[in-house]
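What follows is a structure written as structure tokens; I'll ask about it next.
First chain written, first letter: the chains are A, B, C, D and E, and each begins at residue 1.
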Amino acid sequence: MIIGRIVGNVWATRKEDTLNGLKFLVIKPMDHYYDKELPTFVAVDTIGAGIGEIVLVTKGSSARKILGKDNAPIDATIVGIIDSVEIDKE
Amino acid sequence: MIIGRIVGNVWATRKEDTLNGLKFLVIKPMDHYYDKELPTFVAVDTIGAGIGEIVLVTKGSSARKILGKDNAPIDATIVGIIDSVEIDKE
Amino acid sequence: MIIGRIVGNVWATRKEDTLNGLKFLVIKPMDHYYDKELPTFVAVDTIGAGIGEIVLVTKGSSARKILGKDNAPIDATIVGIIDSVEIDKE
Amino acid sequence: MIIGRIVGNVWATRKEDTLNGLKFLVIKPMDHYYDKELPTFVAVDTIGAGIGEIVLVTKGSSARKILGKDNAPIDATIVGIIDSVEIDKE
Amino acid sequence: MIIGRIVGNVWATRKEDTLNGLKFLVIKPMDHYYDKELPTFVAVDTIGAGIGEIVLVTKGSSARKILGKDNAPIDATIVGIIDSVEIDKE
């Protein structure tokens, strides 16, 4: 999974039917060791996360393993809203 | 998913039978935070998108989850035409 | 999918049985917008493509969706020989 | 798989039900040849690994192939605690 | 697939049961066109390859398609020992 900050919303009226009713959020990945700047991507939100929140995102086919979405063409899903991250830069 | 701009068309007469009749478009990924330049790739279009439009693209095995394409060798599909993207660079 | 040029051949006598009889070609990915230099990889060819040709390549689990190869350990397959690519650098 | 050092912990109270009870650890990938700095990511731990340990991590859909997690939305799992790595820089 | 040189061994006593008995080797990917330096990763070997050999490696879910490993959490497998690679830098 990756940790990312929600930095935006995406609206698309014309889309695959199986995606209707889903919320699409723009994610800025966070690198907790080298602070690398990584490109944004879009994830589906089914947990009620909002702009500015730090979230846990699952990518790839595993992203479909939420609430019966196994047949939806999605490849990134928010699976948790993060309370805290503890890093030990040994 | 990623957000990208359609920047081209691809024609291939000699191809896998299961790909016949599909439209192949060249996608330039868009990074909404750092404007990173990312390499182009090709996606299948089943929604009727065209050159210059900003689209939502699903990659990997999830790309096959559109209109019964589960047995087609495709790894990227346009799943929506984007109306607007709202970014909050906190 | 990605567009690439075939730049080489690979021979491997000792290999997984399910790969016997398959042709392995070295692909140089092509980036049609920024001309980024991307590392080569190897794809299976079942279409009869040859050195120097520009091809459409599918990667990941979708690469197994050709001629009953669902149980072969392959992650990249040539699925088309490209006639032309039209790019519009708006 | 990749080799990585565990550099942190992640806590997320609001998350997908199928993830309840799982431990999430921040992994810094290790490149044993060029020492490249690679961005961190998060993996599930079911082996009892802890901060500072060097571990073997599986990514993608294969990450779900542990203890009946095939329906959990996870894309990275710690599958071993590494005793030693021997590198031969010919 | 990718072409890589085996540059090391990995030992992990505490690991997922389904991985017992498997050999883990460190792979340095080889880029045959631009000689890019790519980070190392770990692959399972079931063919009897050894340090210094040039091998063909399959990554992702396809890596599980060897000798009944479909339920093992592996994402990279050596599928061939390469005899020769012929490159044509047009």
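In this section, contacts are C-beta pairs under 8 Å (C-beta built on N, C-alpha and C of every residue); 3 or more make two chains touch, one makes a residue touch a chain.
Here the structure is a predicted model, which means the values were calculated and not measured.
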Fitting chain C to chain E on CA atoms, where both chains share a sequence, rotation angle to nearest 5 degrees: 70
Distance between the centres, which are taken as Cα means, of chain B and chain A, whole angstrom: 19
Geometric centre distance via CA averages, chain E-chain B, whole Å: 30
Multi-partner residues of chain A (at least 2 other chains): 60-61, 63-64
Topology of the chain contact graph, where touching chains are joined (line, ring, star, complete, other): ring
Ordered ring members, chain C first, chain E second: C, E, D, A, B
Touching residues (chain side chain E, partner chain D) in the complex: 5, 7-16, 18-19, 24, 26, 28, 37, 39-43, 51-52, 60-61, 63-64, 71-76
In the complex, chain B residues that touch chain A: 1-3, 29, 31-34, 36, 38, 47-48, 56, 58-66, 77, 79-90
